[in-house]
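Paired with subunit B in one complex and with subunit C in the other, subunit A is shared by the two complexes that follow.
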Partner chain A sequence: MSIILISSDHYETGRVVAQQVAAATGYALLDRGILGEVASASRIPEPKILKSLEPTSSKVGFPAKVRDRALASIQGAVMARLLDDKMVCYGLAAHLYVLGVSHVLKIRILCNEEERVSLMATERKVGIEKARKLLKKQDAAEKRWSLDVFGRDETNPSQYDMVISLSQIEPDEAVNAIVETVSYRKFQSMTYSIKCLRDKELSIRVKLALMEKYNDVDVTADGATVVVRTKALKREKRKKTENIRALAGQIQGVSYVEVHVVRDIFRQAAEKA
Partner chain B sequence: MAKGLEVLLLDDEPIVGKRLKPALAKIGCNVEVFEDAKKALERIDQKEFDIVVTDIRMDEIDGLQVLEHVRQSSQRTKVIMITGYAMMAVAREAMEKGAFDFIAKPFKPDDLRKIIAKAAKALGSTIQFENSETDGS
Partner chain C sequence: MAIITISRGSYSKGKEVAEKVASRLGYQCISREVLLDASEHFHIPEMKLVRAIHDAPSILGRFSHGQQAFVAYFRCALVQYVKEDNVVYHGLAGHLLLKGIPNVLKVRVIADMDDRVRAEMKREKISEEAARSLLLKDDEERRKWTHALYGADPRDSSLYDLVVHVHRLTVDNAVEIISHAAQMAPFKTGKQVQKKMEDYGLACQLKAGLADSFDNVGVKSEYGNILVYARGNEHHVQRVRKKAREVAREMSGVNDLEVHAVQKLPLDVV
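== the complex of A and B ==
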């Protein structure tokens, strides 16, 4: 079976396509409806969870640590659900962190630009030219956000298996094209792709557990082996390694933890100064 | 146990065949092991196997060519790809060309046995086995 990840340059338009694709395939729709649950599990208020997904929202009162934990919590919830297979996922930035999984079909829906301008003008109650400028600014902010947070440019077509422009193709035709494409054998799950997804789910689960104490961890998993990369001062290295091993070792599915600590040169320099 | 499920195992690393042959024999497979892809293809031309397990990266003939060869000679045979260099693009290509399944090395014998059991089911046969090792996947 397969998973379809849909992203769009216009939230509402993409959402409608995602709903139609879910209905046509019989797959479950995974969308922002899970954010309430994410908020309860992470003990981060739901508006902040939502804010972490919105590139254009103000960063005032929203420290990067909270944002990172909010996004990691979303990732954890998404990855856990994607293991169930037969999913259409939309609005949770999954196209930026579910990478290298062959049975995941990634779609980018591009809304008609003039329609976006017109919608923006209505939403913001501004003229067409002002709306055009605002839209340009919004697109730039989204691109910057995806690069800052995930190191990936979500506007780059090469990130996707298929890019559909609704200025040329009707939404119904887009849905049909997606449904047909996902039926290709290359997008069917296999032992290897399922393992890739499980590894990603485990790594984010471990990362979330470690983030309670350490925000600067990068985690990868291969089967039941987990590799944690982090930074520390020389004097902290041993204790941090032990703590990470103990914390990660408690997570279900983990049998071996490898910790790589590199020297935190910035903190070291700050201490010397 | 399935009776007489005919399996051809091709990997240019001798240790793979040495380790997997007894593991598959345990679940009732008759396994022929090859390290040379050319000889394996000759054998495939002589006999219709139920399952072909092949490495992907090999000298001269690679696993995807073996897959294409099998597909031309038998639509019934299930081809399972194994590789130490797993990548999304190769996995997709293998599936598109008709591979039954794709697994990355290293794996446990039970992982392959599970896939063999799945292939047997698709062939209308059954294989029952108890996991002898913890499933780490």
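== the complex of A and C ==
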């Protein structure tokens, strides 16, 4: 069984393809419908959860801390559901954080550019040339967003197994190609690939719990062992380590917590100054 | 019955994929043959042609007139091949050189940088650092070349119908995906496409005939009626007209020839 992650340069087009792939494979579709649930679990309003998935020029009323917590909550919910296997996931930026899992097929769908321009012109009530410029700006903002938030360029084709442009290829044919590709042995789940996904799910769960108190944590998991990396001043090191150990230790599935603290040189320099 | 262009970087397994696709579909696989044909037909030493179509443009980012002429020769030779249909072309900028032909399946095959570095180290027996630096240099030359000529970046996925990443997908998987795509309805060459290909072939042939003497000339053909657009004063346009008539006399399939003076070349010309 497999997981299919679909990304697109045009939300509606990608959504239609994802729905058709889900119908053709009999897999469940995981999309932005889960954001309401994520909002109530994280106690962050749903519009803010949605905003965290979109490039925004204004940071007013939406500090990076809230955005990071919103994104971590989405990741947690997505990872938990992906463990069920047989999933098509769309519109939740999963292609940017579900990494190193062999039974995940990553696809990018590109909409016909002229169609996008004309849709933009109608939507914004502007001329074709203005719409073309706006689209270029929007694409650049999306690229910047993916690099800012996940350190990955979502327009780079090497992030995917296959990129399909719908300029000449019909959506139905694209769906057939995806269904055919996911049937390759390479994309079937194995004990190891399932373990990789479980480790990722556990690490994001621990990170979410720690984020209530500490925003600067990086968590990895291997089985029931969790490694937390963070920064602290020399005098805080012991207390922070103990707190992290206590918080992470309470999470279901964690049996051992290792904490690595590096000195926070920037805060140290700021304090000295 | 399709035309497939496969764009690739060096050591990206694109050549292997192209050859296997051609063999599986029973198509002709072309790459260097185009170069040899162009070199023979236009009496240009092969090495000169290779350099012109491989090397990036000058520091000012512009192609010299000579380089543009060589590209015109190369395109002319390539179009003569693809007119025969059922062709897989792998090599330089096929997707851009054939942009006047509809229904071409444009594919890009990419591989991970680390895999490419390993392949180059093995073949050239050089260090990892040297291999990486050579690959990056080669990719950059390609990018500059395509940008100078077509204002496009070869890494831009929107230039292709399909981008296949050979890493988790094997070469055989890629062959299967591309062969399947070639059977899709939009890539079947019907009579109308065949006609357009013939017209494109005529335009490329005339452009190649003019390229040696003139730049700033655009050519297109509709049902064998060739339209030449030239930028410049009346005297210049007269010279273009005279030369175009000479070239067209040697070509078959030309019904009519018109030469027009324009301020700006239309977008749909060769």
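Brief remarks on what is shown
In the analysis below, the second predicted complex is superposed on the first by the 270 of 273 C-alpha atoms of A that agree within 3 Å, B and C clash if a C-alpha of one lies under 4 Å from a C-alpha of the other, contacts with A are read in each partner's own complex, and residues count from 1 in each chain.
The rule is simple: a contact is a pair of C-beta atoms (placed from the backbone, for glycine too) under 8 Å apart; a residue touches a chain by one contact, two chains touch by 3 or more.
Just so it is clear, the structure is predicted and the values come from calculations on it, not from any experiment.
In the overlay built on the shared chain, the residue A:S167 is in contact with subunit C alone; subunit B does not reach it.
In the superposition on chain A, contact of A:M1 is made with neither subunit B nor subunit C. Once the two complexes are laid over each other on the shared chain, residue contacts for A:L110 go to subunit C alone; subunit B is not touched. Of the two partner chains placed by the overlay, subunit B and subunit C both lie in contact with A:S102.
When both complexes are overlaid on chain A, the residue A:T181 reaches subunit C alone and has no touch with subunit B.
Once the two complexes are overlaid on the shared chain, A:P157 sits against subunit C while remaining clear of subunit B.
In the superposition on chain A, contact of A:R198 is made with subunit B only, not with subunit C. Considering which of subunit B and subunit C touches more of subunit A, the answer is C.
By the touch criterion stated above, A:M190 is placed in contact with subunit B alone, subunit C being left untouched.
Where the contact sets of subunit A with subunit B and with subunit C meet, they give residues 102, 184, 186-187. In the complex of the two chains, the subunit A residues touching subunit B come out as 100-102, 184-188, 190-196, 198, 223-224, 255. Against subunit C, the residues of subunit A that register as touching in their complex are 102, 108, 110, 113, 155-158, 160-165, 167-170, 173, 176-177, 180-181, 184, 186-187. Within the complex, the subunit C residues that touch subunit A are 103, 105, 108, 110, 112, 155, 157-158, 160-165, 167-170, 173, 176-177, 180-181, 184-187. Partner subunit A is touched in their complex by these residues of subunit B: 86-88, 91-93, 95-96, 98-99, 101-104, 111, 114-115, 136-137.
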